[in-house]
Structure formats: C-alpha cells, structure tokens
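My questions will all concern the structure given below.
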Amino acid sequence: MGLGLSHLSRVPARLALGFRMDLAFVLRSPALTIYYLAIDALLIPAVGGATFLLAERLAGIGPWSDWQVLFLLGYATTVEGILSAAFTYNVSHISRRIGRGQFDHLLVQPQPLWLTLATEGFAPISGGAALVTGIAIMTWAWTGLGLPLTLAWTGAFAVNLLSSVCVVLATMFLWSVVAFWAPVAGEEISMNVHDALGSLGTFPLDGIGGAMGVGLVTVFPAGLVAWMPVRALVGVSADPWGFLLTPAAAVLMFVIAVPTFARGLRRYRQTGSSRYSAFGHRR
Amino acid sequence: MKASPIEIVRSLRRYRETVWLASSGAAGDGFYSVLRYAIRFVRLLVLLSVWEVVFASRDLAGVAALGTVQTYTLVAGAFGTFLDARTDLGEAIWDGRIATWFVAPVPVFGHAIAVMMGRWIPSFGAFTLPVLLAAPWIGVDARPASLVAGMLFVPSLACSVTIGLAVDLLLASLMVATGWSVWDMQRLRTALGTLLTGAVIPLAFFPWGLGAILAWTPLAAMASAPLRIYTGDGDAWNLMAGQVVWVVVMGGASIAIWSRMRERLVGYGG
Amino acid sequence: MNGEPAVVLTGVWKSYRQRERGSTPSEVVARLFRPRFRTIDALRGIDLTIGRGEVVAVAGPNGAGKSTTVKLLSGLLAPDRGTVRALGCDPVRDRVRFVARTGVCFGQRTELWWDHPVASSFDWKRVVWNIERQDYDRSLAVLTELLGLADIWRTPARELSLGQKMRADLALALLPEPELVLLDEPTLGLDVLAKRQVLEFCRAINEARGVTIVVTSHDLTDLEALASRIVMVHKGEVAFDGPFSELRATPGTGRRLRLRTDGLRPVLAGARFLETRDGAHEFSYDPSVTSLPALLAEAEAQVAVVDVETHRPPIDDVIAGLYERWRTS
C-alpha cells in the first residue's frame, strides 16, 4: 500500500478545485458570506481577546509587554486562520468524521488518504477571515514593537508559523484516534482539544515551570501554538535556539501522529463503524 | 387546566427516562468518556498557574487577591458546563430532528432541558465533584466566601442556567430567521462566553471600564454574577437581583419569540 | 461469465465485537469497570463468485450480512479470515487503484456536497477521480438523460428530495464509468416512479456496457426486476445462490388463485385461504399436489364464480416464507 507520493502532482489541482468551489459558494450568497467572514474575524480573536484585555489592564503580563501580547494574539489567530482556511469541513476535527461513521466517504475516493485530508478542507475565502484578521493584528503589533523585517526573521517566522499549525493538527489527529475505539465518546474530542489549545495558546506561559511547563510543550503542546515561537520572534527570550524548538517539535509530533493514526485506521478497517450520521458531512 | 398528581408523576417519569438515557449514552464507551474531562482538567491547571505568574509580576492588591481569583477560576472551571447551559435545540432545528420532538408527549423545551440535564450527570460526577474535592491538593481553597455565599450560589446558578437556556433559544431563533448555520451560532456563543461572561477572566480585570459595563449585561449574569457571589466579591443580593431581572427579561423574550417562530422552526432544516 | 470473475470471496469470515451496554444505573457503572462484549458473526465462511457483467442481488433478513458484504467488496472493511478479490485487486490493499474502477452508492449516505449545487459535486468528482474532460462530458450526457439530472443540476443538495438525491448520487457513482457497481439499498425511501427510474437505469448500463452490478435491498420485487441471480444470506452464510426462478421453485412457494364470486367465499380443501380483498378471495396452492381444474370445480360446486386469475406469488411472500422457515428451524 505505499505512500502514493506520485499523487503529489495532483495537489495543485485539488487545491484549485477547493478554491473554485469556495469561490462559487461565496458568490452564490454574498450576504451570508459577509456574515461568516465577520463572525470569523471577530470571534476567533475573541477567544484570546481575554488575554489581550488582561495585558492592557495590567500593562503587560509577566515579562511580556502589551504589544508583545498583542503579537501573540495575532500569531495564535493566524494559526487558527490557517486551520480554518485549509482544513475546514471537519478535516482538522477528524474525530467527528470518525465518530459519525463518515470516514467511509474518504475511503471510497481513489487517492491516498493523506491527499484527501490535505486538500478536501481547502476553503480559503469563506475560511480566510481569521487569517486576514490574524495577519492584521500581527502587523499592528509589529509596528508597535518596531521589529526589524529581515530575511532571517521572516524565514524564522514563516517556518515557526507553519510548525505551529502542524503541532495543532498533529495533536488533534493524535487525540482523534480515540474515536476509532470509542466513536461516541471520541466524536467531539478534537473539539475539546482544539478549544483547550486555542484558549491556552494565547496565554504567556512564562513562569510555569516543572512538570506542567514541560507538559505544555510536549504532551499537551499548548505552549507551541504561539507562546514558544513568539517568545523568540519578539525577543521575550534571548535564547538563540528558541526559533528551532517549535519546528523540531512539529517534526516529532508528525512522526508520532502518522503511525498512531494509521493504527487507528487499521482498526477501523477491521471493525467498521456501527454508527452513521450525515451531520456535518461536506457542509 | 391544573394537572392532576398522577399526571405530574407521569410527566416526571418521562423526564426521568429522558435524563437517564441522555446520561448513559456516552458512558457506553467506558473510560474513554472521561478523556474530555482530562483535557478540561489540564486546561484548568494551566489557568491557575497563569494567575500565579500574573500576580507574581504585578502588584494587584487593589484589584483582587490571588487566592480569590484562583477560587473564582477553579469554580468557573468546575461548573463550566452549568454556567454555559446549552441544549441540542439548535442542532435539532438545523437537521429537522425537532419535528420528532413535537410528536412526543412532553413539551419540546422540556425534552431539550431533560437531555441537557442528562448530560450534566456524568460531567458533574466525572469532573465537577472531583475538581472540587481535589482543590486542596491543587493548592486552591474551593470553599465559598461564607455560608450565605455558598447558599446563594445555588439559586444563582439556577438563574445562570435559565439565562443560558434563553440565550440558546434566542440564538436558535436567530438561526432560523437569518439562515445562518448552527455551527456559527455555536461559535458565536462560545466566543461571547469566553470573552464577555467573565468565565475565564473576572470582569474586574478588563481595561477601560469595560468590566463595569459588561457587568450589566445578561452575559455577566450567566457567569460573572454566580462566581462573584461564591467568592464574596460584591453585594451578593444585588448580584442576585440583577440575575433575576435578566431571567425575567430573557425568559420573557425567548418565550415570546418561541411562540412566534414555532411553526417556522419545525419547517426548518432537513 | 466472461474471463476473470469480477468478484471472488473465498472463505470469508467477518465478526464484530459489540460492547454490551447497561440499561440500569448499576449496570452502567458496573460495565465501566468490567466491560462485557459479545461477538456477532456477520459472515461465516462465505464463498461467492460473481462474473463480469452479472447483475446479482444480495438479500437476507436484517442482520444477515448484506451490508457487510458490500463493505468488504468496496474495501471499507477487511475480512477477519479468507480473501476478497474484486476486479483482480485486493480492495483494501489496492484501495486507490480499485476504487477508481468501482462505483459505490449507499442508499442513506449522500456523496453530494450539501451547500453546493449538484453541478459542483460532479465537478469535484471529475477532479478527484481524474476523469478526462471528454470522458466526463460523454458520461455526464448519458447520465443526465437517463437519470433526468437537468432539472436538479443547479439545485443545492440540501434542497433535493430523497428521490432526487438518490438519482444524483447514483449518477455520481456511475460518472467515472466503473466496471463494478455496488449499490446498498439504492431504492430505500423512493417513490414508485423514482424506483423504476433507478432500476431501468441500472439495467440499461448493464446491457450497454456490461457493468457488473451487486445490489442489496429489502425490496425483492425491485431486485427481481433487475437481477438475474439472487444470493440469499442468512446468519452469515449463503442460504441460496441462483436465479429467481429457482427460488420460486423451492417447496412451499406454490401459486396463487384469485376468485371473484357472488360474494360468498368457497372452502377449498386443496388450497390455503389467504385473504379477501376488493371482493376477490385469494388462495395459495401447490400445483404439484392439487390441479387448478380440481380447485375450480370445487369452488364452482359451492359458489358462483365470476372471475378467475392465477399468478405467481409476490417475491416478497416467497422470501417472507423462507425467512419464517429459517426462523423456526
């Protein structure tokens, strides 16, 4: 059963398809779309907005200034925005597809599963509001911080941003494996994980030491959603290796998540799904 | 027409059956069911630690005491499900399931609330109670500020639940009226709940006088009011009175809208 | 059968382990600590061969293993024991290659994109299945005509009726011109006209392109109209495999006699009374035991017979009789 890497050449066509479908969706009901975009633009940052308000009230949190906290919020919103734009339709919330018995819809497609998961959730327009908002917040904070825009910094920023996305996805997929064994209990587990990562990911976690501190950058990597990479990017931490920790963690999590998910998939092929609900399927 | 005692008993039995079925549904997956509570517990522990960091780096004596804030956060976490009371109403309307609720011999709202309460049972047993019992080991004093505060917390929580249910119905009606999806309604509610109810960060910590303004809203009545009553922050009777006002206003508005939207609600969805 | 068979199941076993749920509070709590499971054998050593171009109906009582068979054939499930080969592939191991040549349609599960018009779902299918544009246009033209897609082409899937959704889903499954088509309850919930359209379409593509079709359904009348061969599955085993005519010839099926009389119902020693409907009395009899002339003579001796009709029993009754015999045996 190989990885099907020969299908890599099909990724652009799949993404173009997603873009086309999303554009048509947006143009069919512009009023509804404006609502969706406004909701996303306001609500996704709102999850971390409490942290920002706290920083404003207290003129910063710990060693973080309010501008740095704002950048942290923008970064976390951008991570969420990438997930919304590229992995919607419950691709990131894969536990819902598994728990609702909708995984069969993926298995009847003549392409490797990784290609389906990488491209089926691509909705850059209807899901792009949070991305735009996150970038806007980061830009505003960046001007307030007066950070130099060098090639090295930009490269480190891009790599860390994508690594944070990878960390969130890998964590959600890892926890979603539960749904292969317990479809009822596991159906919403990706949502639980996502909410926890999202709400904790916007907090500056400096000062949290010991086992909890380690845990927040390993087993439950809320610290890698934004805190760890942004510490390095905005200069809260002078550690030169700070730029590398999140990418390294992303690679490690990916290496763990893939075979774990494959194990769950093997179980699914043996047991099938005793439930089926069309709720949320391709909508 | 007043219901006879037998009819009341039969009604209660129907609700009891619904509550029981809803509570036992997820338990069928054994200990996997508690995984989501483990995630919530981790989140709570981190929030408590964040407050320690915040207080260590700033002089907040004039705002609040660390112990009070941590109690506030712990209780908000433990009772989180109750402070954000939600039914399946939106989903049932979205996928048309509500049509079957109308042909059951129980009020539609009653059914929705019974299902909600059923789901509360495992949440209370697997999360709320253990968190409160584990508080001393976490280093947080989970006791209410006083006996009166503890006693008032219960009716305050009931008011919070009622307002939450009214918000639920209002959002469902908005969904039907506008054609917005149930997921957007849920996201709207989650974001508002996270930010504006005081469930995550006490309103006293909001800048620009925002906290004082939000304290007058029904959102604050859902979370901030009962938590402040519990921790003894502010006049408990005033806070309760504010909640009661919102119960009347929100409850009345939701009933009025429900009556008008009833037929449209049933025809909506799949 | 021409050449290599389309489907070969050899000694296929498939079991499910089901967790037993408690019904009382004490049971639920007890099962948390000591879970109990029971094993259900959905398929028990099934052997089945389907040739290219055949149309095979798979039927059986609820829980017999029909849907499990379709899922095994479509690569959604792996057998516990035995082998499954379809179109020369292992449907699980060669999934991508296999499903590109297979069309799968589950009656209660739509492949359509909910908030998008039907046209968008077809465009999606064209891209994901890598269908060349000229093949897509040709196939779509045929499907549009045969399944009447023109009137729903621009309608969002959420606004389609069940019958319209089924037609669209069937067309979607057939769009890549598959060699093997698997239909699981395709006529469930459809009205008479929609059912007829679906069945006629299946027959048409089988005749035109030699597509192998495996269809499951509880509607045996539909299956008899479509399939040349029926495989009856009972408790995970093949209880019958052959043409419908052979199924009808199994002992106990008989024929039906409908008598319209002056109102009175005759008592016939050689026939079993079934029902009176619309003034006609229906009987079941075994032609190998009792002749029709003898029955008519017996009836005329008692009442004035106005009209006579004999016919085969509805296939549903034949099957119901079989199921009843299985249940009581």
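Per-chain numbering from 1; labels A, B and C assigned in written order.
Here is the rule we go by: a residue touches a chain if its C-beta (ideal position, glycine included) is under 8 Å from a C-beta of that chain, and two chains touch if they have at least 3 such contacts.
Everything quoted here is computed from the prediction, not taken from an experiment.
**Student:** Which pairing of chains gives the most C-beta pairs in contact?
**Tutor:** Of all chain pairs, the one joined by the most C-beta contacts is A-B.
**Student:** Taking each chain's centre as the mean of its Cα atoms, which chain lies farthest from subunit B?
**Tutor:** C
**Student:** Taking each chain's centre as the mean of its C-alpha atoms, which one lies nearest the mean of all protein C-alpha atoms here?
**Tutor:** It is chain A that sits nearest the middle.
**Student:** Cα centroid separation between subunit B and subunit C, in whole Å?
**Tutor:** Chain centroid spacing, subunit B to subunit C, equals 48 Å.
**Student:** I'd like the Å distance between the centres of subunit A and subunit B, where a centre is the mean of that chain's Cα atoms.
**Tutor:** A distance of 27 Å separates the two centres.
**Student:** Can you give the whole-Å distance between the Cα centres of subunit A and subunit C?
**Tutor:** For subunit A versus subunit C, the centre distance works out to 43 Å.
**Student:** By residue number and range, which residues of subunit A touch two or more other chains?
**Tutor:** 283 - these are the residues of subunit A that touch more than one other chain.
**Student:** Pull out every residue in subunit C that's touching 2 or more other chains.
**Tutor:** Where subunit C meets two or more other chains at a single residue, that happens at 158.
**Student:** For subunit B, write out the residues touching at least two other chains, lowest number first.
**Tutor:** 28-30
**Student:** Of all residues in subunit A, which touch subunit B in the complex?
**Tutor:** 32, 35-36, 39, 42-44, 46-47, 49-51, 53-54, 56-63, 175, 178, 181-186, 188-189, 192-193, 195-196, 199-200, 203-208, 212, 215-216, 220, 222, 279-280, 283
**Student:** Can you list the residues on subunit A that touch subunit C in the complex?
**Tutor:** Spelled out, the residues of subunit A in touch with subunit C are 1, 4, 10, 13-14, 17, 20-21, 24-25, 104-105, 107-112, 269-272, 274, 276, 278, 281-283.
**Student:** Quick check: in the complex, which residue numbers of subunit C touch subunit A?
**Tutor:** 16-18, 68, 71, 74-78, 80, 92-97, 99-100, 102, 104, 106, 108-116, 120, 123-124, 127-130, 158
**Student:** Write out the stretch or stretches of subunit B touching subunit C in their complex.
**Tutor:** Against subunit C, the touching part of subunit B is residues 20, 24, 27-31, 270.
**Student:** Using the touch rule from the top, collect the residues of subunit C that touch subunit B in their complex.
**Tutor:** By the definition above, subunit C touches subunit B via 19, 21-22, 25, 28, 31-32, 35, 158.
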